[in-house]
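Order of writing sets the labels: A, B and C. Residues in every chain begin at 1.
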Amino acid sequence: MRSDGQHDRSFVRTFFTSPAAVEGEADSAKMLRRAVQLRGMRAPDVWVPDNEDATAPSMRDDGIENIVDVVAEHGESFPGEIHPRIVWHRDRPDTRYQGLQQMLYIADPERGAIEYIDGFVVPEVGDIDDWKKADECLTIIESEYGLDEGRLSMSVIVESGQAELALADLRDEIGKPTNNLERLSLLVDGEVDYTKDMRAITPTGELPAWPELRHNTSRSASANGLIAIDGPYDDIRDIDGYHERMTANQAKGMLGIWALTPEQVIEANAAPLPPKTGTWLIDVNGHAVELNAEDDVQVYDGEQLSLEKIESDRYRLGVGSNERTVCDDELHEELLQLTDYVPSLNDIVDSMETFEEATEAGTGAIAMDNSTTLSIDGIEVTISDERMWDEATYQASQTPISLFQDVYENRPDQREELREMYGEHVVKRAMNVG
Amino acid sequence: MRSDGQHDRSFVRTFFTSPAAVEGEADSAKMLRRAVQLRGMRAPDVWVPDNEDATAPSMRDDGIENIVDVVAEHGESFPGEIHPRIVWHRDRPDTRYQGLQQMLYIADPERGAIEYIDGFVVPEVGDIDDWKKADECLTIIESEYGLDEGRLSMSVIVESGQAELALADLRDEIGKPTNNLERLSLLVDGEVDYTKDMRAITPTGELPAWPELRHNTSRSASANGLIAIDGPYDDIRDIDGYHERMTANQAKGMLGIWALTPEQVIEANAAPLPPKTGTWLIDVNGHAVELNAEDDVQVYDGEQLSLEKIESDRYRLGVGSNERTVCDDELHEELLQLTDYVPSLNDIVDSMETFEEATEAGTGAIAMDNSTTLSIDGIEVTISDERMWDEATYQASQTPISLFQDVYENRPDQREELREMYGEHVVKRAMNVG
Amino acid sequence: MRSDGQHDRSFVRTFFTSPAAVEGEADSAKMLRRAVQLRGMRAPDVWVPDNEDATAPSMRDDGIENIVDVVAEHGESFPGEIHPRIVWHRDRPDTRYQGLQQMLYIADPERGAIEYIDGFVVPEVGDIDDWKKADECLTIIESEYGLDEGRLSMSVIVESGQAELALADLRDEIGKPTNNLERLSLLVDGEVDYTKDMRAITPTGELPAWPELRHNTSRSASANGLIAIDGPYDDIRDIDGYHERMTANQAKGMLGIWALTPEQVIEANAAPLPPKTGTWLIDVNGHAVELNAEDDVQVYDGEQLSLEKIESDRYRLGVGSNERTVCDDELHEELLQLTDYVPSLNDIVDSMETFEEATEAGTGAIAMDNSTTLSIDGIEVTISDERMWDEATYQASQTPISLFQDVYENRPDQREELREMYGEHVVKRAMNVG
């Protein structure tokens, strides 16, 4: 895309890499051609023609040409941003010089690709002075080709301890007159190389979870107005694992993730959006179990909870291997503590509208009521919870809505799927709230 | 308090906010008046008349006047420190200017409140240069009203990625001749706004636990001689949850927490103090279960552990679904590994006195013995453990005692409750040890 | 060792401290004499005659003399590096001056110890300016005794919030012309004093796990080319706990650990090396359970998994309390997700050799196959998994091999034990791969 719908996205859900040149194929640009034609939920927010790790070193000259050809031909109609990845290494000046040459080639306006390209992805960066070297390459390219200073964005792969440390230095350096680091766009974790750089070992060879790295990346994105993206999830068949990782990332403020396949793109495009329908959860020995909605009743049909009425206002409640006798009120209170609700898009919009009306009428905080009927072993119990909403709650709940609005505005190719998923009416209200 | 009992507390357990003005009440200062009259375990170590988020924007002019009135009238006899919270925002100069005006109003000696006020709480700070702006406002106020430079303390709410980064910069900036950042007192996390600033999403809207933020806050407090306080725990009926949070915080060195109600104040005042009586725990599938003391025997009466004597020096020990046959020695060793002891105030004082005597006699390390009799399925087993104490163990165990001493000295209004709780004798010894 | 086999180790598995002088013994240097004669897997990579916390203050003058005597006599033949720990404290100039004097005494070439000493361990450091003070002491000593600048390495104990912050500053300071911080060698966590400095409290007095401290130490080691070491594990009888700690550390890139006894040295020397034989694991309710290899079949004989054939291509699979009916393919897929493989040294060498051949032949990524037969309730199921290996996977898997090679090269005294453990053939191949 670009040229110059300009679209500076506030959110990026998906960072999809494609090999720039594959060996032994009639058309070495096959993967690029396939990717650039993706649309809708199969198309990523950011597409990365990858002339680094995904492309064999011997194929990288072809890769650069393929990128230029495919982007020049199809870039205009691609619905997401385009950020090719070139080679770079904090410890190797020759690799950095190759990276400069690759970018010079791709960015040459004569070749017709640059107008659809948003920026470049720079891997293997080191400390902040190394980031400045890459920034300087982009400044030179802009100057050489008469592009506006800052026209090309720069995204980095954080895959070394040095780069992780640079995340904390960034805010002191961005905005200095001798660099153009304001061009920074995505901060992307690269856990495979990071694991190597940290010299970590796990018994099975599985990657460590690196929670601190992800926190520090997300924090730097927050402090500098950038966007945090998690690295690749290798086990492409393990959709549940991919989802769990995204849920954990979202709780860190890292709303985007790498995708290796169009199937992962679909999952990762949908994951940070609120669900179509709300769900009740119940905590069973520390695990959240989803209840089955039957009409308006939420049914628990596992075997870890038990409930029996032993006389009027006396129940026997079993949770795991613990049993206790409780009265009506205690039962209500106990179940309230055990349950939780995952709101739908519609629910969030409802609450926000209600809060907005209340503040317009001069009230700063209101109680939102949430009630349902649970059924355990055939006994129905109605629980009802109140949650106070103030300005801060309101603003915190706004993140998924802002993301939804950002997607809807910047990805016209996904609108129909979103309207089908949520219904026309909810989508319209979601676009007007906040 | 203050004026000038001066009391620079080394520890702060409780940070209790009260709305400065509530709408629709005959007396908009009702909440302040109620709070300022709290005493004993219901009164916090730090009381925060809150003219920011807890008070509707339309009521904040009233709020400032209420703070001045209530503190001028009752401040002298309030047993804790008083730190009003004013408005501030890293991104909004107009809000910062309002903050300055609010502080100028409150601090005016003519109004009679300032002599009881220890300092101000500044919310929504950004990076360290923003902290300096707030510090400069306080310097101006001190200069304007002829107060000693540094007389007013400054506490900040860490509720942005920028502020979290500033925690690591603080030690390089504090002590520079161009600022008075030595006035810093509390570093308080604010997880609601932090979650918004980090753009984090959780399915149920629950706040993420943010372990790294809490670590970084505690670390900065440690490195700069300040005090770390965790943010509000919203679910005010969930006392167990509040306790779990405090236990987790204490293991991070974050000994204080926000309190929203006098009930939370009671809990949070008591939580970091050692218990009156010691307790034995046994690990059952990764969960620590408290044993019931019957006379001198610690009885396990759950169903996850089983013990049977099958012949002389042969037992069958079941832990969860695992069973194994063990001899006497193995049984002892196994149970020793599974059990743990939570010492009482008395126990800690005992150990410290013993160690102090030993070092006076020239011994650098001594073995502390701890033994008890367990009863499982009616079979009694006596276990006995030794732990080496050296200078480092001694000093690490001193933290709860130092906290106890700090409380006892600075909070005369809590002495009677403490003596009732622990007994006169233990309290006296605890005040003399260390 | 040293003098001047020089051996700059890339990896350090074990950091073994011995009291420099014990009271009440005929020979106060007894512990030193015993330690310096350790060989093979009982001897540490780094040996630390400890004249700080392990030695009573009143014995430290003796300690210094003992260190000189024992190292001068036995140092030449000791197979690991020798790094005495002296006294130091960020807050006490008198202690720092004592530290300087202790080092001056030990390093005096007249006394004959220094040629076998690699460097010094400096405890209780504060922020980076305090590290520079210790570095300056070493520079003075080198100058005084005509040693090359940088000849003496410096290792620090990170046991304060200030020192943890310094870890992030190090890369900006190392290499400045006014210091010799390039002499830094080990970054060692000291959790007992760190816990005190952070003022953390746990109910049982157990040390907190401090995951962020360990991450930050490991990250700084990675960013500055240093080596990260975890602190002491006090419960010396709890070998399982020590192992779990090391496994967690290794996943953070912290491959070395403190050892308090020769038994801990053996464990910690072996822990980061790949196992002799591979093992299959199966995930049972979140716990990895090792399967028993009987011939080529991996047998599960616990009670948490069940498998029953109910008709052709129909199985009932039970995992914990969940049961479901699955067809052949689903069963295969399900079991594949539940299982994991811990490769042996031989397996890792195999995979690396295969990958090296493939890249020589021009292929950038190959699929490694891994298959086995599982047996659950007597039913055998063959599963087979493919994992893609590219350059990054290859390099990440290299860490344990590089460590193995480093050990084999620098510790001739362990070669025989390694050959006995793994077999001559595998050892030879492991030394040639990578």
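As a convention for this text, a contact is a pair of C-beta atoms (placed from the backbone, for glycine too) under 8 Å apart; a residue touches a chain by one contact, two chains touch by 3 or more.
Going by UniProt, the chains are A, B, C = HpcH/HpaI aldolase.
Bear in mind the structure is a predicted one, so any value in this text is a computation, not a measurement.
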> After a C-alpha superposition of chain A (HpcH/HpaI aldolase) on chain B (HpcH/HpaI aldolase), what does the rotation angle come to, in degrees rounded to the nearest 5?
Replying inline: 120
> Taking all residue numbers at the chain A (HpcH/HpaI aldolase) to chain C (HpcH/HpaI aldolase) contact, is the shared part over half or under half, that is, same or different?
Replying inline: different
> For chain A (HpcH/HpaI aldolase) and chain C (HpcH/HpaI aldolase), what's the span in angstrom between their mean Cα positions?
Replying inline: 35
> At which residue positions does chain C (HpcH/HpaI aldolase) touch at least two other chains?
Replying inline: 168, 212
> Which residues, counting only chain C (HpcH/HpaI aldolase), touch chain A (HpcH/HpaI aldolase) once they are in their complex?
Replying inline: 168, 171, 211-212, 215-216, 218-223, 247, 250-253, 255, 272, 281, 321, 333, 337, 340-343, 362-365, 388, 390-393, 395-400, 403
>> Applying the document's contact rule, which stretches of chain C (HpcH/HpaI aldolase) touch chain B (HpcH/HpaI aldolase) when the two form their complex?
In response: 23, 53, 55-58, 127, 160-162, 164-165, 168, 192-193, 195-206, 208, 212, 234, 238, 302-304
